[in-house]
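I've put the structures underneath this note.
Note that chain A is present in both complexes that follow, paired respectively with chain B and with chain C.
Here is the complex of A and B:
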C-alpha cells in the first residue's frame, strides 16, 4: 500500500510541475520583446485597424490573464490552438514533428548507451593503463564539444557521401518502400551519429565511476579469488550493480533528448520537434511555442518520474 | 533563416512590385538546341515562410509567386537597365497626362484548371488588393493615387490615377494575379480571410496557378516542388520541374551543393567562396541590391543622449569608420564601400538612381577628433568623451541577421570609435526584438535607442527605399526616426515625375539630404555570389541572383548541358 501512495504522490507532484511549467511558459513568451502581430503588420499603410484586427484574430487583444484562462480551457479539451504562422492546428504539426524526431533520437541514444557503457566498463577495467586513459579522454572530449560544432564537422567531413539535409530525398525516383527506407537510413546517419557522440561521453564516465566503485567491493574480490574469468566478473558481478546509476541517468537524459535535439535538427534541417520550436521562436508563434514547450516539459517530467520509480524498483534497499 | 530577416521581408513585402535591377549580366541561352528535361534542385537559406501572398514576406515567397501566378509584366533581366517586358499583358500605354494606364491582355490564357484568364481576372485580383490596401492587402501597396481598376473588355485593363504616376508600372507589374474562383470567399466581407487563407496544395493535385510552373508539393520550412505548367502562356521552360529546399544552416547548404545533393544556390557567404571554387562548381559574382547600415536615432524628441542629434558628432562618427577595413576584413573583399541609401545596383526604367556625386567623408581619426573637440565634448580620464555630464557610451541594437560579417564590421567600428572617445557595445537580438528596441511602440516612438546595425535589400526602383525615410513611414519601414517635411515633399514630387531624368534630379537631392543628416551611415554594399553544378547551364543572373522575384527567365532558360 505504501508503494501506491508513493506512486500517487509522485504522479500528482509531476502533474503539478507540468502545470507550473506550462504557466511559466505561457507568460515567458509574452514577456519576450516583439510579437507576431507586429511582425505581420509592419507593412506600409498598415492602419491601426489592421493591427487591431490581427490582435483580435490572434486573441492578443485580451488581457494576458484572460488569454491564459482561455488557453487552459482549450488545452483541457486537447486543443493546442492554431499556429499564428501558417494557420494550421498546432497539435497535428507537433505530432508529425514528434514522429520525425523519435526515430533519430532513439537510434542515437541506443548507440550512445551501447558505446558509452562498453567504453565505461573497459575504461574501468583498464584503469591506470594507457588503454583506459584513451577511453576516458575520448569520452571527456565528446562530452565537452558543442553539439552544433560536432554536427558541422561531421557534415563537412561526409559531404557528398551522406545526405546533410532533411529526412528524405525529395527527388528519389524509386518509389518502393525498400528504397525509401534506405533513403531514410542514409539521412539518419549524420544526425543520429552526432547525437550518439555527444551523449556517449556522459554514459561512459558515469559507467566508469560506478564500475570502479563496484570493482573495489569485497564480492568482486571474492569472485577474483574464486578464479572466475574477468568477463564473468565484469558481467555478472560488477556491471549489474554498477548499472543502477546508469539506468537512472538513461531515464533522466531521455526526457531531455527531445529538447536536446534542437541544435542537431537545426543544423541538419531535420523536421522534428526541436526544429519546430526553433522556427516558432523566430516567428513569435505563441501557440506553436506553447505546444512544443508543453511536449518538452511533459517528456522531461515523465522520464523523471520513470527514473524515480525505476530506481526504487531496481534497488530493493530503497523502500517506497 | 529568413535570409536577412525582417528587413529583407520588409522590403520585399512592401515592394510588392519589386522593380527592376540594373547591372544584370548573366548568360542566356537560345532555347533552340538546348537539352530538355531534368529537375533542377535549388537550395536556399531564406525559404518560404508562407505561400499566402497576404502573409509571406521572404524573398523566396515572392520568387515562388512569380513562378506560379501570372503577372501583368516582368522585368527583362537579360538587358542592362532592365526594361519591363510583357507577361499576361502584351503591351501597355500611358495617356498623355500620365493619369491613365491601359494594359492589353493576351488572348487564350487559362488557369491550370482550365478557367479562362483575361482582363477581368486581373481586374478582380488587383481590385481586391486595392480595396484592402489599408488592411489585409497593405503589403501590395496598390494605393498611391489609384482611382479605379477596370476591365473594359476581356483584353483591356484600364487603371486611372488622380495624379501622374511615375511608379505605376513598378507598383503593378510584378504583383501576382490570384484566381478568383479560389480566393473569392477569402476576399469577401472585410477581407480578414485573406490573411488566414491556407494557400497550399492539397492531396495530389497541384495548386491552381497560371505561371510557368505549378506547385505540386509543399512542406513548411523544408521543401517545395514544382512541375512545368503545360498551359503556361509564355516561353516553355526547358526543365521538367524544380525543387526548393530550405537549409537553416549556410554551411550545410554549401556542403550539400559541393556534395551534389543540390544543383544551385544563391547567396553563398564570402567565407565559403573558396570552398565552392575548389568544388568544381560554376561561380557567378556581381553587385547585389543590398547594403549594411549603421543607424543613428534621428528622432528630434529623443530624451536621452541628445548629443547624437548633433550633426558634427554624426559626421565624426562616419570619419571614424574604416570602410575599407570592413570590406577587406569583414567581407573578404566581396562588398564595396557604401555612401547613399540607393545602392549602385539599383536601376529601373532604364535609369540608374544611385547618386555618385556625393562627396563621402573619408576615414580620418584625427579629423574626427578635431571635430568632436570643437563640440566641447572633452575626453574624460578614461579616454571616453563626456557630453552634457554623461560619458559617450552607447549600446548598438544589433539585428542577429547581421551576425558573421556584421560582427566583424562591428569590431572595426568599435575600434575606430574608441580612438575618438566613443565607446559602443553590441546588443544582439532577433529581428522582431530589434525592431521593438528601435521603434518601442506607438506611444513611445523611437524614444530609447541610440544606435543600431542592420541591412536593407531594396527594390530596384528607388521609391521604396526613399519612402522608408519619410515621416509617414514611422512605425513600419522607418527605423531611424528620421522625419523631414522638406524631404517628404521631394518624395511626393518624384512620384509624379514621369520623366526619369527629371525624377533622378529630385532623387539625387534626397540622397544628399539623407547623407548629410546621417540617420544612416551606409557601411557597405553587398556583392552576391551564386554557384551551380557544371551539369547545368542557361541561368539568367540579376542583382538578386538567378532565383529572383524580377523575372522567371532563369527558370525558363536553365537546362542540363
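Here is the complex of A and C:
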C-alpha cells in the first residue's frame, strides 16, 4: 500500500515538473531573437500587409498570455498546434519523427550499455595492468570526443561503403520488405555506431568506478574467503551491487536520448525528433519547438521515474 | 595434536611510492585441534595481514614467504587454485562486526548455501536444510535466512555470519575481532556462542583481537604480536602471571581491572614504522627495561623456563650474547 501512495506522489510530482517545464519552454522560445514571421516573409516584395496577415494567421498578434492560455487549452485536448513551416499538425510530425528516432537510439544505446558495462567491469578487474589501462583510455577518449566530430569522421571514413544520409534509399528498386529492412539497417549503421561510441565511454567509466568501490567491500572479501570462483564474485557480488548506481545513471541518461541525438541526427540527416527540433529552431517554428521540447521533457521525467522505481526494485534495502 | 602450523611467515606490501612495508616478520605459531587461541596486539601490528595470508587472500601488492601447514600440507604452495579449495572447507573466516560482510542484495540463506554448492559438499536441497539447521544452531530462527542482511540486527548478523562460517564444517575458524562493533551484552553472547560451538564441534578457533579480557575469557593460549613479529606466546595464565616480555606485561597493566586497585598505565610512544629496517629489538624504544644489546640485535623467540609451550622474544629471556 505504501508503494502505491509513493507512486501516486511521484507521478503527480512528475506531472507538475512537466507543466513547469512546458511553461518555461513556451516563454523561452518567444524571447529567442528573430521570429517565424520574419523568416517566412523573407520573399521579394513582402509587404507589411503580408507580415500582419501571417502574424494574425499564427495567432502571434495576441498577447503572450493569451497565446499561452490558448496553447494550454489546446494541449489539454491533445492538440499540439499547426507547424508554421509546413502548415501540418505538429502531433503527426512528432509521432513520425519519434518512430524514426527510436530504433536508432535503441540499438545504439543497447550496444553502448553492453560494451560499456563489459569494458567497465574488465577495466576494474584488471586495474593496474596494461589491459585495464587500455580499456580506460579508450573509454575516456570516446567520452571526451565531441559527438559531431566523431560523426563526421565516421562519415568520411565510410562514405561510399555505407549510406551517409537519411534512413532509406529513394532509388531502391526491390520493394520487398526484406530489402527495405536491409536498406534501413545499412542506413542505421553509422548514426547508431556514433551514438554507441559516444555513450559507451561514459557507461564504461561509471561502471568501472562503481566496480572498484564494490570490489573493495567486505562482502567481496567474504566471497573470496568462501572460495567462490572469481567470475561468480564479479557477477553476484561486485557487479550486482555496482549495478545499483549504474542502472540509475543509465536510466537517467536515456531520458536525454530521445531528443538528445540532435547532433547525430543533424549530421546524418536522420529524420528523427532531434533533427525536427533542429529544423524548428532554424525556422522559429514555435508549435514544433514546443512539441519537440514537450517530448524531451516528458522522456526525461519518465526515465527519472523509471530510475527511481528500478532502484527500489534492485536494492532490497530501499522500500518505497 | 597440531592442526595448523605457521612457519616463518613474512608479508611485504610494495608501496606505491616505492619501498616495502614489512607487515609480518618471521611469525611462527601452532594451533592444536579443537584449541582456542588468541592473536593479540595493538592496531597495525599485522594481525589481520597475518590471517589474510593464512587464507592467501592478500592483495596482489603483497608478497608472502613462509609456510602454512594444515595437517602437514602447505596451503600456500599450490597457488590460487589450491588455496581456493581449502577456503571455507578447512579455514573459515568471520570478520569484524559483520556489518558489511554479507552481500546486501542477497538473502542470508542463499549466502550460507553458496560455499556448500561451490565446494560440492552438499546438493542444493540438503544445503538448504543444512543452512536452516545452522541458523537454529547459532540461536536465530531458520526463517531469518529468508531475510536480507539489513533486516537483521548487528548481533543477529554476527550469529548468521558464524552459521555461514560453519557451512562446510571447517576445521579452523578464524575470527577477526568478531565482537568489536557490538555492544557489551551482545558481545558476551557471541563469545559464549563461539565457545560453545568450538566445544561441541571440536572446532579450532583463532581469535584475533586487541581485547585482552576477551582472550582470557575464551582462549587457552595466545600469541602476542608486536610490529609484525611474535613477542610472546603461551598459555594465557602464564602470559598473565609470568609474562616474559615487557610488552605483554605492559599490555596487561594497560587493561583496566574492576577487581584491583592497580593503576591503569599506558605504554608511551608508538610502534615503529614498518617501511624502514628495524635494527635491534622492535620494542626497545618503548621498553621500560632496555638492555644494551637490545639496540644492536633482535632477540629470537626462545622457550621460557624450559617450557616449550611458552616462548618469548626478549633478551631478558636469555639468548646468546
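The rule is short, and it goes like this: the second predicted complex is superposed on the first by the 315 of 320 C-alpha atoms of A that agree within 3 Å, B and C clash if a C-alpha of one lies under 4 Å from a C-alpha of the other, contacts with A are read in each partner's own complex, and residues count from 1 in each chain.
Throughout what follows, a contact is a pair of C-beta atoms (placed from the backbone, for glycine too) under 8 Å apart; a residue touches a chain by one contact, two chains touch by 3 or more.
Since the structure is predicted, the reported quantities are computational estimates derived from the model, not experimental observations.
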Quiz item: Since both structures carry chain A, what do chain B and chain C do when superposed there: clash or fit?
Solution: fit
Practice problem: Would you sort A:152 into first (chain B), second (chain C), both or neither based on which partner it touches? | Solution: first
Exercise. Using the touch definition from the top, say if A:241 reaches chain B (first), chain C (second), both or neither.
Key: second
Practice problem: Figure out whether A:161 sits in contact with chain B (first) or chain C (second), or with both, or with neither. | Solution: first
Quiz item: Given the touch rule stated above, what does A:275 touch, chain B (first), chain C (second), both, or neither?
Solution: first
Quiz item: Considering only C-alpha centres, what angle arises at chain A between the directions to chain B and chain C, nearest 10 degrees?
Solution: 150
Practice problem: Examine A:103 and indicate which partner it touches, taking first as chain B and second as chain C; both and neither are also allowed. | Solution: neither
Quiz item: With the two structures laid over each other on chain A, which partner does A:229 touch: chain B (first), chain C (second), both, or neither?
Solution: second
Quiz item: Once the shared chain is lined up, is A:315 touching chain B (first), chain C (second), both, or neither of them?
Solution: second
Quiz item: Does the superposition put A:219 against chain B (first), chain C (second), both, or neither?
Solution: second
Exercise. Rounded to the nearest Å, state the minimum C-alpha distance from chain B to chain C in the superposed three-chain model.
Key: 48
Quiz prompt | chain A to chain B touching residues, read off their complex | solution = 32-35, 38-40, 42-50, 53-54, 57, 85-88, 152, 155-156, 159-161, 163-166, 169-171, 266-269, 271, 275, 278-279, 281-284
Quiz item: Across the complex, what residues on chain B touch chain A?
Solution: 1-2, 6, 10, 13-14, 39, 41, 43, 49-50, 55, 133-136, 138-139, 141, 143, 190, 192, 195-198, 217, 219-223, 225, 243, 245-249, 251-252, 255-256, 258-261, 429-430, 432-433, 435-437, 442, 467, 473, 475-477
Quiz item: Touching chain C in the complex: which residues of chain A?
Solution: 128, 217-219, 221-229, 232, 236-237, 240-241, 244, 314-317
Quiz prompt | chain A-touching residues of chain C, taken from the complex the two chains share | solution = 55, 57, 60, 84-89, 92-93, 95, 99-106, 114-115, 118-119, 148, 150, 164
